[in-house]
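As structure tokens, here come the structures.
Both complexes below contain chain A, partnered by chain B and then by chain C.
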Partner chain A sequence: MSVSRRVLLQAAAVAGMGRGAFAAEAIKIGIPVALTGPVGGIGAQMRRACEFWAKQVNAKGGLLGRPIELIIEDTAANPATTVRKVQEMVERSGVRLITCIVASNEALAVVPKLAEWDTVFVSGDNGDGRLTAESLVPNFFRPNVSGPMGTRAVTLWLRDSPMKKFYGIGMDYAWGHNSMEVFEAEAKRAGKEFLGAVFSPIGTKDFSTYITRIRQSGADGCYLVLAGDDNVAFLTQAKQYRLGEKLQLLTEQVDEMGINASGDAAVGLIGGSRYPATLDNPANKVFVAAWQAEYGRLPQMFEGDQYQSCVVMQAGIEKAGSIEAAKLRAALEGLVVTSIKGPITMRACDHQAEQPGFVVRVVKKEGMEHPVPEVIAIYKADRITPPCNQMAYTD
Partner chain B sequence: MAGRPLSTRGERLFHCSRTPRCGRPVSSESSAVMDILPFLLVQCLNALSQAALLFFLGVGLTLIFGIMRIVNFAHGTFYMFGAFLGYSAVRVTGSFWAGLVLGPMVAGGIGAAFELGLLRRLYKRDDSAFLMVTFGLTLVLGEIIRLVWGVNALQVEVPDALSGIVFLLDEPFPVYRLFLVASGAIVAVGIWQFLERTRLGLLIRATSQNAEMVHALGVDVNLVRSGIFGIGCGLAALGGVLAAPLLSASLGMAGNAIIDAFVIVIIGGMGSFPGSLLAAILVAFVQVFGTYYFPDFAMAAMYLLMLLVLVVRPGGLLGKEA
Partner chain C sequence: MTVQERHPSNKKIPLAFLCVAVVLALAPLGLPLFAMTLLTEALILGLLAMSLDLMVGYTRLISFGHAAAYGLGAYASGYLLLHTPLALPFAVLAASVLAGVVAIGVAWVCTLTKGVSFSMLTLAFAQLLYAVAFKWTSVTGASDGLAGIPRTSGPFGVTVFQTKNGYYYLVLVCLLGAYLFCRSLVGSPFGAVLRGIRENEAKTLSLGYNTRLYKIAVVAVSFALGGLAGALYSPFAGFANTELVFWLFSGQVLIMVIVGGQGTLIGPILGAAFFMLLEHVLSQYTESWALFFGLIFIGFVMFAPQGIWGLLTRRARV
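Showing the complex of A and B:
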């Protein structure tokens, strides 16, 4: 009788433990990502990085003993849709943590609501400088490189180049204007002449007139702040007009998706990179090897940057022991995480991660299907990260 | 850490091939800014090449409206479909020209089948039924394209024979854009001759004026309708294939294209073939020169033109007065 009772108790205990293990409530992370529209390709990269990270974490038993569940919604890069989708995630699914928003204007639309939702937003690629300056809110964190930081790397490199006169073309929305302003200020500080810039509406297909304008400007270099389909269309058409023979094309971000889609048109392009897969450090080697095993190719720029954001988020959650906004906020501020770009510091004063800047040149390599970005300069974090709460640099 | 210094002005910076003058020294300081004449020439050709693409879009829509009195909301999606079909045809056959034939044929066939299978059942209903059904087709076809070809923009290489540049008054201009201008002209003349000279063209014109009478004379009007819907969709797809090397095939194409197509049709006059040609040229010139001189109003220029036309001639430039 006593034996059977003990067995019964054991069985109950096992069942209880089992239930405990299975019932550990998942950590829900909202992924309001643009999968359609002109930046859908970037969104696909970012989503892939989130899924890759979640799979890695779940395979090791999850985070705080809880599995990670990604709640993915397509926003089509429409800020109003993004706000609505995040609101639904918060209210219906109980999401308290989001990442993976593609466009800066979406991010700018979401941040004012974060306090009301009691939700933390960890940016994966949002570049607009204002997010960590005038539009900064306590629940926003940016582990990725910002637009001004990308531009800064390129302009530091320009200081040593013989080019004198510059023109610019940017996408006609928050990120395009913001990065162009920083470029203009930085170019002037470097003693260069800034002849002007033109902004093309998002989704512009035919760039012939803009290309004529750029040719007409008489500049030695043209700075591009273009992404997604617009970037591909511009590079392709610039090649058709032999624009690269007239002046040097520079860009804030050299993105593999653009290079692969535009073929040889991108060869010769010089620009910033948020994450070159060829970085030589132990964490990156582990990441690249795992990525190649999963997808059979190198990780691309937005995949790397979003992955780093996920790792920072993970370190924050582990330190906080919770995803509660107040605890997570305190844990993330000042956190040092050694990830694929080496050690980076999540600055407490404006929630921007201090990290190095890379300048790359697109080259054709034997045995590679597509042209590849090759690192030509690396600048230290203190040269790249702007002063707290600012978008402009002082030196 | 400093980067390597760039090559200075005048040196060859990029790889290039195929053209005899490639790699020639880049202009000196004094001629850095283009002269007015070459500038005008290049801009006019830019405009004409855009006009050709707009014409392919607008003419199909206006033909369909002229005959069937329905507004085909799926027109932009057929244009996008054409671009993706062109991409696949080039991948499979290795020839751009095959894409130019296959793309419009497949898209036209699907368009005709859609008319036969669905639209035909709705002629007795009011106009909103057509809007709903063609809008539904937009969503379905768009989603199919996304599932089949994925979300990334796909680059179609310019065929070798057309990939060079020509120097017009010393300014480089892509041969492919000249080819676009020529194809626009050829198709315009072709459609005109088709409408004027062939029996089917005659039937189409007759049907657009009085379908019942044509039917009473023993002609299968339904067949004419299926044919014209297919031809319209095929023309949009032809535009898509031709646009692919310029703009690459991407999921964003359809939305822009349908708006452009509507603007062309409204400016030119609903159902007017010469109107769509005139409107395409007008819109392209306004866009090209508007974007150059007033880049901040690039988006608005086309709509301002449309407003102006609607105020002066509410039925469109060559349309019947509304």
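Showing the complex of A and C:
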């Protein structure tokens, strides 16, 4: 007798659900996430957060009495693949809700199709400011910190610093260019000098020529808009070239994965953080404790930000009583959720969540295996969140 | 029936052609949504593979850069649909013509050489286009690509192409039309010269044919049809990026032609559908689907050099 692998897996899945004994049909959530390629590490964090959240919800009897089922597909961070995979999720599996897309150019490729698919997309980390400005569509929501918001926190901090001249390096795609534009505008408004920026293709391994240009620019500080493997490669090489002795390295995202992979090379780095695990509020303490029980370590930045997006999505579904796009949209607009970053508001006008901004410094601490980010400034939501439908600031 | 048996190649195919056309035309009635998406994409890729067959199968011009035609068509129609009020069929047509015109220049240079050098030059041109697509941000969107390419309405207020099935019929008509065109082309005296070039170019030249002009012409036709496929793809997917111009894709199209059966027109269409379905099925079970596809490709080259169409027709003859 032969039993196919598939049948066995299905049987195992049913057995695993056992105790819950869900009668209702599952709520399917599409997870088109980049698990391979230069941002695969970020994708792994985000997927982990989604799985952790789904497990928590299912353990408590599900959402609206229905279990959550995650449909996970690897997009390799290729926008064309992402569109194809989401189309498949929608048409084949009946998915009407997606989250966990890693790269902004993937998100920008998907949003024009949301209306046709009648599907809501709740961003978990997509930074490009255009998503809640010129490219905003009704079915897109961003509970996470955007690129302009992360940059804004860093530039607010810079206003009080003695540094005068800045240079930048960003990844050569949507998010990199967008954040660099905001940095340039903000730096100039603060009366600082912006000397220029270079952009490296996604997946760059050798940054030596870029580092030479940064060194020769004569800047006091260099702003990094780098993520994933590129970020690790840059920090490691910057250490070899002693770039940190020449100028202060600033970054939009201080990501623990990057710090852990580059070791001491990240010490001294100052930058924005979308979610520092050390936040002192009741919801975060509960989350961190549960996370540590599950994984034996603190949650990392993208894990926290994606988890918050899941919680916002959950609150929206509970309020709407459905995942139908029209109802969920109405429920999410103006929704206030008290989550791991404290109370955040899903602004109705452009679907961006108003939330605080954090600036951290990477330090070495006794007893810690890796350097850790330490919060040095917190800015309130109204100073961080841009005016509606915009990505530039006015003050 | 006896007549058909005596002239299998002349009589059987038009009848089969009609049958296939009818079946494909009825497909939207019975197939679920996602199967229609796959079928539409398969037909578009089939058109692309068939266009390459004119060069590879009939003229022995091995192109490693056919993604250039596809990408050119895709970007051109995407750009036109995003930035001009042009109706969808006209944008698609304009993109196809553009690909054909560009091909004249490309072919003029590439046909200065023969054999492997020709192949390398086609690859070089495709990579050149790839670099342009990567750097010309204002037109191509660089690594972000062109997103949200609409299926515009018109002409004359026709909205049928905006629907999923309506678009499928547009693709189907383009493919069937292109097939009939290619069939008459390769059956014409022009096609005879192409086969002459394939079998023995020196001899064809000595018979008084300017073989280079013929080669330039076939590359232009091939690119125009490949461009048509690309032009149909971008409003279908709503998206175009540099992946469509990448050398890896050129290689995949060549594989579709060889696996399907080169020099048969129908074979490459089957090859494209086979490639797509297999990729789809294999990637559900394994991450390294490309490895298994590679093995299948090797199997075809070694044991069935005539490809899928060769296998099918051999069985039919038996």
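As a working rule, the second predicted complex is superposed on the first by the 372 of 395 C-alpha atoms of A that agree within 3 Å, B and C clash if a C-alpha of one lies under 4 Å from a C-alpha of the other, contacts with A are read in each partner's own complex, and residues count from 1 in each chain.
We adopt the following convention: a residue touches a chain if its C-beta (ideal position, glycine included) is under 8 Å from a C-beta of that chain, and two chains touch if they have at least 3 such contacts.
Remember, predicted model here, so these are calculated numbers, not experimental data.
Looking at the shared chain after the overlay, A:Asp206 reaches chain B, while chain C stays out of its contact range. Contacts of A:Lys246 after superposition on the shared chain: chain B is touched, whereas chain C is not. Of the two partner chains placed by superposition, only chain C is touched by A:Arg84; chain B is not. In the superposition on chain A, A:Pro386 makes contact with neither chain B nor chain C.
In the superposition on chain A, A:Pro32 contacts neither chain B nor chain C. Taking chain A as the reference, the larger set of touched residues comes from B, when chain B and chain C are compared. Contact with neither chain B nor chain C is seen for A:Pro143 once the two complexes are overlaid on the shared chain. Look at A:Arg215: by the touch rule set out above, it reaches chain B but stays clear of chain C.
Shared contact residues on chain A (touching chain B in one structure, chain C in the other): 201. Listed in rising order, the residues of chain A touching chain C in the complex are 74, 78-80, 83-84, 87-88, 91-92, 105, 108-109, 111-113, 172-174, 201-202. Contact residues on chain B toward chain A in their complex (touch as defined above): 1-6, 8-9, 12-16, 22-23, 26-27, 32-34, 39, 42-43, 46, 49-50, 53, 146, 151-155, 157-158, 165, 171-174, 176-177, 243, 245-248, 250-253, 255-256, 287-289, 291-292, 295-296, 298-299.
Only residues 35-38, 40-41, 43-44, 157, 159-163, 198-201, 203, 205-206, 208-210, 212-213, 215-218, 220, 228-229, 232-233, 236-237, 240-242, 244-246, 248, 257, 260-264, 267-268, 270, 359, 364, 376-379 of chain A touch chain B when the two sit together in their complex. If you check the complex, the residues on chain C that touch chain A are 32-34, 37, 134, 142-145, 147-148, 237-241, 243-244, 287.
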